[in-house]
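The same chain A turns up in both complexes below, where it pairs with chain B and then with chain C.
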Partner chain A sequence: MTETGRNNNIDLNQFNQVFFEECAEHLAEMEQILVSLGDVGPDEEQLNAIFRAAHSIKGGAGIFGFQDMTVVTHVLESLLDRIRNHEIPFSAAMVDLFLEAGDVISMQLAGHRDGAEVRQEAIDQIRVRLQQVIDSGAVVASVDVCNLDKPITENLGVHPESEVPATACQCFEMEFRPDPDIFKRGVRLESLFGELEELGELTVTAVLPAPPEFNEFDPETCACCWYLTLITTASEADIRDIFEFVAEEDQLKVQAIPVNAASGKAPDTAVTEGNCTSQSTCQADSEIVDTAIGRRAYDKNELAPGAFGRRTNEGESSIRVGVSKVDQLINQVGELVITQLMLAQTAGSLDPVVYENLHRSLLQLERNTRDLQQSVMSIRLVPISIVFSRFPRMVRELAAKLGKQVELKTIGDSTELDKGLIEKITDPLTHLVRNCMDHALEAPAARNAAGKDPVGTITLRASQVGGRIVIDVIDDGAGLNRTKILAKAAERGIPASDAMSDEEVWQLIFAPGFSTADAVTDISGRGVGMDVVLRNVQSMSGKVNIMSETGKGTRVTISLPLTLAILDGLSVAVGDEKFIIPLNSIIESLQPTAASMKSINGKNVVHVRGDYIPIIPLYELFNMKARVTDPEKGILVLIDVDGEKAAVLVDALLDEHQVVIKSIETNYRKVDGTAGATILGDGRVALILDVNSLLEMRKLQATDDRSN
Partner chain B sequence: MQTGQEFTDGNGKGAVSEYLTFTLGKEEYGIDILKVQEIRGYDVVTHIANAPEFIKGVINLRGVIVPIVDMRIKFKVGEPTYNEFTVVIIMNVLGRVIGMVVDGVSDVVALTYEQIKPAPEMGAAMDTDYITGLGTLNDQMLILVDIEKLMSSEEMQVMDQAN
Partner chain C sequence: MNGVRDKFPVLAKILDSFSGADNSDEQQKNSSEVSPEIDLSGVTDFDACGCQLLALFIRKLNQGGFTARLINLSDTFKSKIHSLGFDRELNLIR
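What follows is the complex of A and B.
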């Protein structure tokens, strides 16, 4: 199989990518089910789902030639199959074993995808342990691979058959009557037979049962059938695996004829004792007879929910599309919206009475384009459950490690946000949950002493508030320790005083390298946590907020924009140029009176409801000609950046739009004070202001002024 | 027009390259034709805050934001006037799309290697570093510009130097 794969010089990379993604999804699904099990055993449905995941990974790995991955999945699959058939009782210890197996497969996956390191001994160990469960029906804690006297061999064609002990050779007689159109489907029989040959000794006889009349003869249809004899140690399931995508159930008949000539053993020793496990996947003899003609044993009950190849929850079907294609679509729809706006502007100058029909159609067009834009934007949105689903396992394992009792609650799993944000929010959330587990939540004894439920609770809550997504990480632990933080800050030379408000004290933990942990553990305490969280969130134009009460718990709130691709903005005019100010940073806009204008060191400030707010004249900052330089004649837009306020002076307010953010850096370099650009209704480019960097520029200018 | 940067003509003479020629003031320049995406008129630009004077701003080219550089200002040749005859050459340089304002676009010419001479140390408004050679065509001198080197240079300030 790998041979043929290599011979065809097709770029398999793109297919591999699909496999990697699917494989990761299957692993995640498996893990999710396993973790959700708790102490109760899985029901039929869940077992089937886990089995399907393992089977799909194995199938995919086989097709794409990652033989090493099939090895582990194969044993896993066999075990799951046994459990499914109630041959081996399910036990709670298996959950951990399966999780570990999942990790090993993940590791192999990472090895293939990113060239990450693959630890062979881990693979061997998990394989042996799974195998032992199959053999003994119970979980063995851990084994040392080195102590095994003989290597476990697998019947997957990975190892050459010479390594397989010459026991239990079986002779299979097969009759293969393919579809007449098999050649049109592009099936290559020679490679198929080649694969069979790898399993053992193969003889192939082609028979033309009913030769057609010469003038009816169609060289592209298959009129042949084949009789094959294979002497092999492999099981029937392995043979059927090879025919998996080629032959329908009724097109392949397999008959097992045990041979004793090769091994000298009794014909009925299908399952051999000792180390040879090559027959372990094979069902008991009676079953082989039962299913000799037909599918694999576990496919017998085809109508049962979750039978192989069927997904019970087909309701949410989906297709896999590259992000670049979606982005292209978003771009094109953006163009369409601009064109529609241009049309509307042109039509606006026409007499509405004479052109009534045109105006009506244009209104319709506007509605349609808006709907279209919304639908297209929603493609990029994915539910946050993708991130949340990875925490149950982490919490479970950390709790066991730390000897704490923790319950994880997730609320608002279906809240959707941009795919790009989902990828970036995972790390910060992981940090926060780890922190909760390690620092915040107390040990059960301490909790009892404090009169709290010994089981601590961590709540992950996501919700949409206006144009933002708010994610809370809440624990009912000890809360932040004010004195400890202040002492640590003093020790590290971070300016802090006892007079600071709680809120200001909590902000201190965002300082790089800050940690109040008494000891560095492998979970946390190195102080590389919170500053990374803050930086990551800020890079997504988000905010982090902390609320904490001693003895009651802590709540960390992350607030993110819904998407990075669009933005609600206010367009303002300065001179001949238009700028967009993000709406979410605007508090209000006002026209100042002469009485409210004050000045400090020659810099203007405006007095608004008791606050003195510095004025940033945009024309000055950007070195351009403005129509208005006197704040009293212009408009002040009050902006709020992390609690810091400023008033931006502009000539006029124009309009409120939803704009598509485009990068200037694609073709140019970064422009200070801007967060990108957008295209307005008239086809012109407008820069989007980045209020954060406006404030920084202002401060920089001020220091420059002073030093001059 | 042939495609491909270099080819041997039918008579079996030396390899030739094709150049788009344009004028800046009184000087005639040439750039590799394969770097040119399109030629268009000068449109209204959006000025970029605190950019050097020769960077006129950015335009919307079918949804793509493209910076416009005026070579006449940068190299202090010709008069930087903008009217319906002002020409912008849109180029693909190092994976970026950049527009360049010139006085006029003249022709596409093919030059053999024999027609290209090394540039002397002085003469053109441009630094000799960015000049690959001087081409001669019917008694006319063409200054051949390495546009990639020019646009990625620090003095153009078009790209972040980290790139």
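What follows is the complex of A and C.
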């Protein structure tokens, strides 16, 4: 019981979160199917899937007490049922209406989840528009505002009496023995029984079968069972469907008994109030029952597993775990890897013959630790389809807005990527797709004139290449205009010349504020974007490459590391310190000869196969004492950052490691030129070099030297 | 459900006071005539969990020979108790 001012929802938050996540997934699934339809009507399976999504949202919302969310979903599923029964023909305009309905449900979801603003007029409008389709059989663009005043129940999808199939009245006796923690799960039995009551005449009797000792009783544990009697024309499947999210099969017994026989029959306990009433009562209430049945007639034939909101086996084979828990696990496994490395290093000094068993066990430990690390890392990997799935609708709407015909293809949807990267890659990809739509793809007439298919194609392709994920955004549009880009670069004072290779010219579009668009639209053309795309991708240790052919199209390739939590690196020594250089940026290492060393503007460079590459002495950059200051006596590690090369001078190369990245900022402060730190086998901390920022630091230092 | 854990010790204490009463023959004889009243005027909302706790409390009082009675129960609450099926357990049906 609750007293005034007490918050009744605190304990429900964790369960609400599950509903929010499931609801978002159902909405995404619904949207994905709807946008895939185009002008073609949905097949039976697609219609069922949309219906299932709407139905599951409604069911979950009802159980978790978000009654407002059931309003739109209810009318939506009524309409879908009519379409499924061929009572209302499907039309392309309905796709937009359903998408709008999805948006309204999303808005309601955001309202409950994030406290975002919920516009009641939008809810009322979509409800009325859906209802108008049910009533008239066609999509009506404008909303009859008079209908907004009607109570919701009047607008719900109640079939006209003449359409309701005459079904025999049945009496169902139910014994509901819920899970003991049903209260803790936040299930609202009032809503559950309320939904049953909508099916017909319901009597409910709660019984405490074996009351425990009061002092030993956990008040939040359910010790009750319920006997329910329902007189209805609905089927047993209808009833079980209502308990779908609440009761396992063995927790609900449903027995149908003829209405005549129902009279006077009592459950096992001394419950008499819960008995069925006579047939005359049933007939007297037939109007109510028929109305209820008409509303839920679509719930017939739902016995098949996975049908109409029923949970499939697939859903039960996974569990939801908070990202913070996974991160904690990854962190702990990282610590375990470090400990294992420490052990291996200590054991390395022990005689392998005398300590043969110890060495063998440590090898086994190393293998197991690596396997464990890989398994744990794979938990964070999620399919890129999560990102790809948002584009069909965007493309559909932009195509309509721009008057273009566009087909979106996705390849490699199941390619997995770190969850952190998935979140960060969404914006750059969105920008690239919008650019394709607005600039790259031509209008149908222009495509026809160029002898192309009037329908343009955008392909999103993801694949794993070694330890990296490669995402391509490919269009078959007009391609980049070299002349225009060079002219724009000259206009903006960006150094460029006709002698530049195509690849170098394409890189110019990454300059801040660069745009060759003739007109600025609300979609793109302001020149804000490609530089942001590049910056975002680089912040994920990724690279962007462009290939383009005039008249044939453009391919933008984003290459990302598989994960941000571990890194393959080369450990190098400088003085008494060790550093880690990411392997993916290393081209080669070499010991220069005196002949290959040159000095340009007072700075040392090394001549490697025709290129003069600047030398970055790490000891200078980090202001350290080094054992080697003469490049000829040290080692140069050649690195490549987006085509820009540099040679990092170190004392010695040590070993190749897979290191667990730790944040320095969290534990200390930002250190320029580093991307984090790791703990080595000897327990010492080694800084992981950020090659991008090393180059930046070198350039800054050069500028300072010049100005001094 | 939130309030039930707060209410539990209070109800347990009340039950103790009833069970700790003088169990003389005279008292036993009179106990059925004693009808404790449970005043629900301060309750603003409840759910099945709250109903269950109240039902158990009343059941224990019944076992001790006391027939408890709910007072200041609004029609809305009566309707809610009915819809949750607790009429009999809460002594609302005689």
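Throughout what follows, the second predicted complex is superposed on the first by the 476 of 708 C-alpha atoms of A that agree within 3 Å, B and C clash if a C-alpha of one lies under 4 Å from a C-alpha of the other, contacts with A are read in each partner's own complex, and residues count from 1 in each chain.
The rule we apply is simple: contacts are C-beta pairs under 8 Å (C-beta built on N, C-alpha and C of every residue); 3 or more make two chains touch, one makes a residue touch a chain.
All of these numbers come straight from a predicted model, not from anything done at the bench.
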Could you say whether A:Y668 touches chain B, chain C, both of them, or neither, answering first, second, both or neither? first
In the overlay, answer first, second, both or neither for which of chain B and chain C A:V18 touches. neither
For A:E220, select first, second, both or neither according to whether it touches chain B, chain C, the two together, or no partner. second
If you stack the two complexes on chain A, which partner ends up touching A:A702: first (chain B), second (chain C), both, or neither? neither
Report the partner of chain A that touches more of its residues: chain B or chain C. C
Between chain B (first) and chain C (second), which does A:V204 come into contact with in this model arrangement: first, second, both, or neither? second
The chain C residues in contact with chain A across the complex are 1-5, 7-8, 11-12, 15, 42-57, 59-60, 80, 82-89, 93
Touching chain C in the complex, chain A uses residues 1-4, 6-8, 10-11, 183-184, 186, 188-190, 193-194, 197, 203-208, 211-212, 214-215, 217, 219-220, 222-224, 226-228, 271, 273-274
Where on chain A does chain B make contact in their complex? 331-332, 334-335, 576-577, 621-624, 662-674, 677, 679, 683-687
Contact set on chain B toward chain A in their complex: 44-51, 57-60, 62-67, 96-98, 157-160
